[in-house]
Every structure is written in C-alpha cells, then in structure tokens.
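In structure tokens below, several structures.
In the two assemblies presented below, chain A is common to both, partnered first by chain B and then by chain C.
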Partner chain A sequence: MTILIAILSRLAKAALTLLAIAVLNFCLLHAAPGDPAVVLAGEAGAADEQMIAQLRERFGLDQPLYVQLGKYIAGIVQLDLGYSFRQSAPVIDLIAERLPATLLLTLTAFVISLTCGIALGVAAAARVGKVSDSLLTTLALLFYATPLYWLALMAVLVFSVWLGWLPGFGYETVGSDFSGFARAIDILKHLILPALTLGLFFMAVYMRMTRASMLEVSTADFVKTAKAKGLSGPVIRRRHILRNAILPVVTLAGLQAGQLVGGAVLTETVFAWPGIGRLMFESLAARDYNTILGVFLVSAAMVILFNIVTDIVYRIVDPRIGARA
Partner chain B sequence: MKHLKATTFLIAAALAAPLAAQEAGGRLDIVVQPEPPSLMLGLVQNGPTQLVAGDIYEGLLRYGTDLQPQPLLAKSWEISDDGLTYTFTLNEGVKWHDGEDFTAEDVVFSADVFLRETHARLRASLAYVESITAPDDTTVVFQLKEPFGPFISVFETGTMPIVPKHIYEGTDFANNEMNATPIGTGPFKFEAWEKGSYIHLVKNEDYYVDGLPYLDEVYYRVIPDAAARAVAFETGEVDVLPGGSVENWDVPRLTEMDNVCSTGSGWEFFAPHAWMWLNNREGPTSDVRFRQAVMYAMDRDFQRDVVWNGFGNVATGPVSSKTNFYSDDVTIYDHNPEKAEELLAEMGYDGEEVRLLPLPYGETWQRWAEAIRQNLSEVGINVSIDSTDVAGWNEKTSQWDYDMAFTYLYQYGDPALGVSRNYTADRIQKGSPWNNVEGYDNPELDEKWFAAATMISPEERQAAYNEIQQEIVDDVPVAWLLELEFPTIYRCDIKDLVTTGIGVNDGPRNAWIEQ
Partner chain C sequence: MWKRFRSNIGAMVGVVLLVAVIFIAIFAPLIFANTPWQMVQRPFLAPFAMESLPLGTDTLGRDVAAQLAYGARVSLLVGLVSTLVALLIGVPLGALAGFYGGYVDEGAMRFTEFFQTIPNFALAIVLVAIFEPTLASITLAIAIVSWPPVARLVRAEVMSVRKREFVDAATLAGLSKPRILVRQVLPNTVSPIIVMASLMVATAILLESSLSFLGLGDPNAMSWGYMIGAARTVIRSAWWLSFFPGIAIVITVLALNLIGEGLNDALNPHLSRKGKA
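The block that comes next holds the complex of A and B.
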C-alpha cells in the first residue's frame, strides 16, 4: 500500500515536471536563431516574401509566441504532439515510425553492456591484482576513453570494408525481399556493429563500477562472518557481496535506460540506423519545432519513468530501502 | 607496330560499342543526401527532392549539356517571331501513374494555378505571362506580355514540374494526402519510402517513350554520414554518388578503384557559382577599394587546387562560363597581394575586424573559410570566422547580419533567371537569403539588366550582357570565388547516366547497365 501511494505521488510530480520541461524546451528552441520557414525556403534555392509569408502562416509562426506556446501546451495535455509541417505528418507518427529501430538498438546495447559489464566486473574483482584483472581494467579504460564515433568508424573499416564480415550500415538489406526468419537474421547482422559500439562504453562503466563496489563490500564485517560460517567463495560473492554491491550499478542502469528512447545520435548517424536520434538531429537542423519538442518530451517522459522504475528496483534488491521510506 | 595494331583494334571496338543494344533490367542504388522533406516537387524544390522526384515528375522540356532544349512531355515547340507566343505540342498517349490520361489541361493547371501559388522561382518568370491556354488536348500556348529572353529555359522539370489536375484541383495543395504518394508522368513510379533508410521507385511500364526506361527499379539510399557514404560506395552497397555526396578528399581514393568512373558533367543547367557576399551597406566592405582588395588578396587557384581538390574553375564575374551569355572580357583579378595592400592603404583601412560567415555544409566549406582568412590576413585584413548551423546561416544572411558571407547559387542557364536576382536593387528584400543580400544598388546597371532580359535576339542579349559583366566586375558587389564542380561518381558499367544539363536528376530515364 505504501508503495502504491509512493508511486502515485511520484507520478503526479512527474506530470508537473514534464509540463515544466515542455515549456522550457519550447522557450529554448524559439530563442535559437532561424526558423523552419526560412530553412525550407532556403533549401528551395529561391524565395520571395510571398513564399515566406505563406509558410509562416501554414506553420502558425505568424502568431505571437505566447499563443503558439498556449496551443502547444493545450495539445500535449490532450496527448497531441502536434504536426510536422516539414515532413507533412503528425509528430506522433514520425516518432512511432522510428521507435522500433531505436529500441532494438538501444535495448540490445543496454542488455549487452549490463550483463557483460557486471560479469566482467565480478570476474575482475575476484582476481584483483592478478594479470587478468589488470587486462580487464585496462580494456575497460580503453573503451571508456575512446570517442564513440571513432570506434564506430574503425569498426566499419575493419569488419565491413577490410574483412567484409558484417554490413557497415543500415537496418536491413534494402530490396532483399527477406521475410520471417531470414529477415530477422538479416537485421541481426546489421545490428551487431552499432549495438556493440554503443554498448562498449556503458559496459566499461558498469564493469569498473561493479569491480570497485565489489571490492569495497568484500571488506565488510558480514563477509567475514560468511567466510567464518564456511560458505564457499562463489556463494559469498553472489549472495552477499554482489547483492550489496549492485546498488550503484542499478542507479546508473536507470539513467542509461532513461536514454533508451532518446536514441543515440552518433551511432545512428555513422551506421545510417533509421532511429529517433537522427530524427531529432535532422529536425533540429531544420528547426522543425514540433518534431524536436515531441522527441524531447517523449525522452523526458522515459527518463522520469525509468527513475521511478529504478526506485522500485532498489526496494526489490534491498528491502531495507522500502522500510525506511 | 604491334602496339599500333592493338590501338587500332581498341578504336574499332570503341566505335562498334554504340551499336550494341542497350540492355534492359537491373537496379540502381543512388545516394541521396540529406533525406528530402517531401517528394512533391511542385511544393518542395530543394536539391534532394529534385534528385528523386526528377524521375517521377516531368516538365515540358529537358536541356542538354549545351543547354539546348530537348523534347520531354512536349514533342515539339514553336516561338513566334515577336517572341510573345510559345506553342507546345504534347506527346500523345501519356498517362499519369494512376492510369488517368495526361492532357494539356494538366499543363495549364500546373503552370497557371498550382505553381503560381507554390513555386517562388517560377512565379518570377510567370510575371511575364499574359495567358496560358489549351486549344486542344495536345497543345498548350503561353502568351507573354512582353518578350522574355530566357523564357524557353523555364520548362525544366524542377522549374516547372507538371502536376496532375485531377488530384489537386480545388484542394489545399500543401495538405493534400496524395503528397505522400506522388503521381507523375515520369519514367519511374513511387513505390515506397522507408523514412531514414531508402526511397524505392519502380519502372513505369506504360512510359510513353518505347523501350524506356531500361532499369527495373531505383533505390535512393539515405546515409547521413559522409564517411559512411564513401564506404557504402567502396563496399558496393551503392552504385552512384551524385555530386557533393562525399567530401572532396575522398574523391581520388574512390575514383582510383577498378570499374569506377566519374564525370563533372550534368551540372551545366545549374552552374553552381560560389561567392562571398560583401555587405555593401556598412563597415569596410562598403568601400569599393576594400572589395577590390579582397579580390586581389585571394589566391583562388590555390583554393581550387587544395580545398576543392582541383575541381572547378576560378570565376571571372557574376555569370558562370557554363551559362548562356557569359563574357570573359572583364577585369581579371589575379592573386596580387601588393595591389591589395595599395588599395587598402589608399582607403585608409584601420584594421577594423570583419566577420566572415562560412557556409555550414561540411568540412570543405569550413576549410575554405580558413584559407580565405589566411589570404586576407596576409594583406592586413582582420578577419574573424563566425560559425553557425544552416538555420542560423539562413537567419544571419537574410537579416543582413554579416560582413562577408559564403554562398553558392544555381544560374538555371540564363543570367535573367539565376544571376540578375542577386544584383538588381528591386531584389533587396530582407527575409530571403537568395536575392540581393549584399545590398548592391546601381540604378544605371539595373536598367541594363531589365533591358537585357526582354530582348529577343540572342546577339543583342550577348552584347548587353557583355557590357553588364564588364561594369559590374569593376564594382565587386560580391567576391566571386569559383564555378563549383561536383563530380558524379559511378560504376563504369552504368551507361548513359549523365546525358543532360541536370545530370542524375533525370539520369535514370536513359541509364542502362551493361551486363
């Protein structure tokens, strides 16, 4: 019951936060120089006053800013994210179109980074000070420090251009007529490089964090007690150390999960992955206000949602947190 | 001797080649960058839209690399001696992609109703038109109020795309649902658009020219990263890189590969011309001596050779050498730093800072700005680079918030269509980045521009434009840089891809793949 009330009050606060974010985003965006009518007219390579005026009227930009803001907020309260005049489609459709590709990429990267990161962290902590530990930590440091786009380009160069093992970009083979299982395999092949590139950074973060946290907890008194009881090393590590050491990792995973929907602009760009990150970036360049605001709002909602989920996971992992709250 | 024989044989083989029949079938993968916002060419005319929609929609005419008109939807045309009546005879048996008949009424609707409302560039030319009528189903007559020299050049697909009357008449053009599935008369039909990935066009089996097109399908591939586009070509994912799809320094690497050809042709109609707007209203750039000094300070051969990897030509003035009525009988600004310094000393330039706005179109343009800053600082001009993104660039140039700003514009075959708009005082209008942004105001020359546009005889027009070019080059309203060249890179077994002055935009119509 207390959990339910806690969640409800969190949701109410979340709705207010979202509204504030929407207003803030709107103001920031309109403060940036340039507007979509001039960009669209500019791309045509010719424009006269009539054209700019027509476009502004169509986009609703001829109205005072506060009226535009009011209309926008009234829209999102009714779950209407507005219309992209540039792409001639409702924003919600544009986002829905890109969502599956983005979720496939970010979720895969998330799962890879979390499982491998924790496993390697535990392994490194168990072998602390040995050569294999140094090797793992060095590798993690490398992945942590390498810029993502460079790693992505190198991965394409090696695995796609030189070795020819994997496709270098795209979501699937264009015009292949694959269906069912063959299509799934095809998509999987295209997924490997971007998912690994995106996952490596967070894997390194999780690994370092797990390792450090494990080492810290392993000196605690209750671990000594467990050893004194005669429990085996693996059992102590799994039941006693890991369970207590995992909380910071959960916090960070919650943060990463919040970004799942926001997409990964760099990875999606280098690998031509048709996801939300690119939609946002391209809309930003074109000042397609409604689309950018829509992506921002959906991402913000996800961050808030996953914060709540993280809190619930805390309570499951460590029941003492629920009792205190 | 042996060598000679082999050569003879090769020449014979080359001569025999055109006799081999074009082979039907196959698929082309062409890069499109950036992804077009829409394929409805009547509403949107940016570069990517013209590239893809040029296969779907058609104009009345197409233009060769020599800019001479060729038949497209119109099979023949006649211009009256007084230059006021243009009569087009249309091809028979032309059908829209949805099966409806194409008639002269569609042309009248497109030019007189649809495009008058939506197409800013065409609207300027249509101001000369008194009436557009369709005496019968295959005849269209354009009656002009006064002669307009370049009028025969406005029937290109991107300039006057013919749109279906039966779909658009009486609707809200911009919000018509059919905009998502464009219907044209062209050699390829719209099939699918996977946003962020590709646009798929398929052969129009009912195309009105027998045997065309040869290709079964065309995929336009959206690949946002320039390096990835080069890789896509290297790995064989795409067959054609239209001009400007990869960074210049990647071009030599790609063209050195086996079975890879490239051509600078296919841009003659556009003749992209690059210059820096020099703000004529205020600051040092308002002094003609300063502007001349900028011209003398720049080493444009170096810029062409290093920044553009040797592609392009140094511009002599406002008109590109590829455009009709070009003249090179003008003051030539060679690289002459001493002369630049003299001019600066004469005007008493005090080292006031000038802001240079690069074009945010990628690395090449950024490097070009740096090269020019170096050239200018060598003669003592104090330049700061003021970088921004595309939307910011549009805003700053159209609001005249700059001292020097890069740009390049298409010329559309005729000075009256694509050149005078940047220099006559009636085109000084805030809010658009494509008119007389520099604020050059020379009423005497304006008269000459207007007169040259309405002359009928090409000889008279040439004489008038020679005079204009000679005068304006001395005034340096803008700092002309290069006639840009964007090489198209493609596999050599693709034949007849670039045969017109708009290149790949209508290339797939005649292209075929040698097996």
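The block that comes next holds the complex of A and C.
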C-alpha cells in the first residue's frame, strides 16, 4: 500500500515537472530571436510572406500569449508536439519512430555501466592500496576526463576501420534481409560499440562512487562485529558492506540518467544510430525548433521515468526507506 | 594545507599540465605564426611530415597545432567564466535556502530539483540552439545547467555552520542576519566550494567541447570540439584531425580533476584519510 501511494505521489510530481518543462519550452520558443512564425517554419528562406501569414493564423500567433500557452499545453497533453516543416511530419511521429532505438541504446549502456561500475568498484575497494587498485582508479580517472564523442570516434577508428571487427555506424546492416534471430544478432553487433562508449564514462563514475562508498561502510561498527564473528572477507564484503554501500550508488545512477540521455545525442551522432538524439542533431542544422524542443521534452520524460523506476527498485531493495517516509 | 597539496603527486602533475595549457593559450600568437583560420599548406598534410607544421593540416589546409593552441583559449575561458556564473547563481540561492530555512528553503530546493531533473546536456543544446551560438550564449547555457549541485552543496554547508556556537555569539552581539550570513557563515563554506568549482571547470570544458562538436560552437572562435566535429566525417582518411584535439581535452580535463582531488584532500584531510584507511 505504501509503495502504491509513493508511486502515485511520484507520478503526480512527474506530471508537474513535465508541465513546467512544457511551459519552459513555450517560453524558449517565444524568446528565440526573430518572428515565432519564421522560427516555426524552420529556416527563414523556406517560407515566403504568405506562408508566414498563414502559419501565424494557423498557430494562433496573432492571439494573446496566455491563450497560445494554453493551446500549447493542451496540445502537449494530447501528445501533439507540433509539426516539423523540415521533415514534413508531426514531431510526435518522428520521435515515436526513433524512440525504440534510443531506449535500447541507453538502457543497455545503463545496465553495462552500473553492473560493471559496481563490480569494478568492489574489486578496487577490496584491493585498496595495491597496484591493481591504483590501476583501476587511474583508468577510471582517465575515462572520467575523456569526451564521450571522442571515445566513440576512436572506437570506430580502431574496432571498425582498422580491425574491422564491428560495424561502425547504423542500427542494422543496410539492404540485408535478416529476420528473427539473425536480425537480432545483427542489431546486437551494431549496438556493442555505441553502448560501450556511452557506458564507459558512467562506468568510471559508478566505480569511483562504489569504491569510496565501500571504503566508508567498511569502517562501520557492524563490519567489526561481522569480523569478530569470524566471517570470511568475501562474505563480509558481499553481505554486509556491499548491501549498504550500494544505496548511494543507485541514487546517483538514477540522478545521472539525465546525463545518459543527453550523452545519447553525442553517441548517436557519431554512430549514425537512428534514435532521438540523432534526430535532435539533424534538427540543429535545420533549426527545426519544434523537433528540438519535442526531443527535449521526451528526453526529460525518459529521465523522470528512469528516476521513478530506480525509486521503486530502491524501495524493494531497502525496506527501510518505505518505513522512514 | 599547501604542504599537503604539494605532497600529492597527482595534484602536482595536474598543476604542471594546467600551467602548460594556460601558457600555450596565452602565448598562442607568439608561438605560432599562422592564425588558426589561415590556409598554410595543402589539405590533409599528415602530422610530422613537415617540421613547420608538426601536427599536419586539416581539411582546408590549416595548421592543426595553431588551431589546438587557439582552442585552448576558448576551452579555458568558457570553462572558467561559466563556472563563475554558475557560482553566482548557486551560492546565493543555496545560502539563502540553508540560512533562512522554511518556505525560502522549500521554494529554492523545488526550483533546484526541477533543474536537476532536466537532462542538462539536452537543455544546454536547446538553449544554445535557440539563442544562436556565441561565446556568451554557450557560457551562459553551461552555467544554467551547472549551478544546481552548487546550490545544494552551499545549502548543506550553511545549514551545518549555522548551528555552530560562533553564530550564536554573533547573534548575541547584535549583528543582523544578512551580515551574519555574509561575514560569519559563508566564509566557513569556502573550501568545499573551491573544490567543487575546480571540478566544475573540467565539466564545463567537456560540455563546451561537446556543444561545439555538434556544431553549436561560436563560429568566430576555434575550439577543440569544433575541430573534432569537423573531422568526424574524414576519420577514415585523416585520423589525426580528431585524435589530437581529443588528447588536448583529455589532458586539460584530467589536470583539472587531479587538482580538484588534490584540493579536496588538502582542504578536507579528515575525509581523505577516511577514504584511504
């Protein structure tokens, strides 16, 4: 029951946040330099006077701002994110078509970075002060300082251009008629490089966090008790330290979901991965504001979803949270 | 404190690297005869092929080494200024929230949470795309997406300092609340802010380079991200065009991170010892 109430209150909060982002979007659209009608029509060159006048009427740009805002919000509630004049399609259709690819990429990267990050952090903490610990920490520091898109480019160069092991761009082999299992394998091959490069930075973040958290918890009194009971090192680490140390890492991971979605713009650009990040990149050059803001709204919604999921997982993993709230 | 910082090898490596980058950025016009926009040789000249052009030329025959040096200026400038602006937003907001509590705190934290929920890189893209890419809009956009952690940190610090005895003493002495906040409480929160700021400059440099990689850089300023973005499509034939700017970014960001960690260990020795126990 408490979980249900918690989820409902989270959903209400999520709806409010999305509403605020929609208002922000509206403000940005109107704050953009130039006539909003021209802005909506994409690059100014694409529209003549008559078309702009038509647009102005069609989108009610001659009406007072609050009426426009109301209409804009009402539209978004009905999943109408505007029209992309550049691609001659409703923005929501463009996004819906590309969302699965982004979800596949970000979720894979999220799982890889979290599991490997925690595992490496535990390993480093267990060998604290030794050479392998310093090596892992240094590597993490290095990945932490590496631009995501550059790492992606170098991965393409090494594994795709030089070694030819993995495909360097796209979602599946163009012109191939794979179906079923063969197609899944093909997509998986295309997924490896983007997901790994997107995940590496976050893996470094989670590893550092897990290591620090493990070391901190290992000084707690209950760890001393466990040692006094005669439990072995690995058992103490797994059952006593890790279970407590993992909580802040999961919180952080939930919070950083936003950066993961943002990073997808870069990864998808490098790998020509047909997701919403690539859609945003393509819309930048065309100054297709409706699409840019639509992708922005949807990625914010994705982040909120990630957060709710981590929150629920959290409550299940640690019953103390429900009791405290 | 300074002694502890100096004995930290990583931090000293960071300082040396950063000083080198700053030196190159400042003296770029003296070191390189070519401006980064000038055509000096045939395009796609490989690195180390000509002594005068150690890192080769780009797709338009421009000097890559000179571009790197001028790019350092943009990275450092944007990183530094955007961090300062983020501090200007985050410190007052966090200080007010932590010091006054109640509705002020509630309101400020809701506002901060909202900005933390928004995917920050996506917001930066949207802001720069809509307000035209210039150094000013890029700097501002990075500041707008980076202040929330500052506000949270300052709030937490102020809340803990506020309960100390010297604050009670100041109240008894009849000092006004704003004066206590500015003169007594805030100075005691400076060291964690410095640590966070040094790490923020690193993040800001990464953000700036990512924006200009996507084509959202100031068209009048040569930057590392722009160089990599422009070389992206020719990666198969001219790897060095994307390789060297990337290394420059890694070195600069790594240096700042090392310095930040060194400062953290030096300013909060209690914490660092616990981490190494």
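We take it that the second predicted complex is superposed on the first by the 275 of 325 C-alpha atoms of A that agree within 3 Å, B and C clash if a C-alpha of one lies under 4 Å from a C-alpha of the other, contacts with A are read in each partner's own complex, and residues count from 1 in each chain.
Going forward, contacts are C-beta pairs under 8 Å (C-beta built on N, C-alpha and C of every residue); 3 or more make two chains touch, one makes a residue touch a chain.
No experiment lies behind these values; they were computed from the predicted model shown.
With both structures placed on the common chain, the touch criterion links A:Leu255 to chain C but leaves chain B unconnected. In the superposition on chain A, A:Ser299 makes contact with chain C only, not with chain B. In the superposition on chain A, contact of A:Ile236 is made with neither chain B nor chain C.
In the superposed model, A:Arg98 makes contact with chain B only, not with chain C.
Of the two partner chains, chain C is the only one touched by A:Glu216; chain B is not.
With both structures placed on the common chain, the touch criterion links A:Thr269 to chain B and to chain C.
Residue contacts after overlaying the shared chain place A:Ile21 against chain C, while chain B stays out of touching range.
When both complexes are overlaid on chain A, the residue A:Val156 reaches chain B and chain C alike.
Looking at the shared chain after the overlay, A:Arg287 reaches both chain B and chain C. In the superposition on chain A, the residues of chain A contacting both chain B and chain C are 32-33, 153, 156-157, 161, 269-270, 285, 287. The touching residues of chain A, when paired with chain C in their complex, are 17, 20-21, 28-29, 31-33, 128-129, 141-142, 144-150, 153-154, 156-157, 161, 212, 215-216, 219, 255, 258-259, 261-263, 265-266, 269-270, 280-281, 284-285, 287, 289, 292-293, 295-296, 299-300, 303-304, 307.
Taken in their complex, chain C has these residues touching chain A: 114, 116-123, 125-127, 129-132, 202, 206, 209-210, 213-216, 225, 228, 232, 235-236, 239, 242-243, 245-246, 249-250, 253-254, 257-258, 274-277. Chain contact summary for the complex, chain A toward chain B: residues 32-35, 38-52, 58, 86-89, 94, 97-98, 101, 153, 156-157, 160-161, 164, 167-171, 174-175, 268-275, 278-279, 282, 285-287.
By the touch criterion given at the top, residues 27, 29, 34-35, 37-38, 44-47, 120-121, 123-124, 174-175, 179-180, 194-198, 200, 217, 219, 221-225, 227-228, 231-232, 234-235, 237, 388-396, 398, 409-410, 421, 429, 431-435 of chain B touch chain A in their complex.
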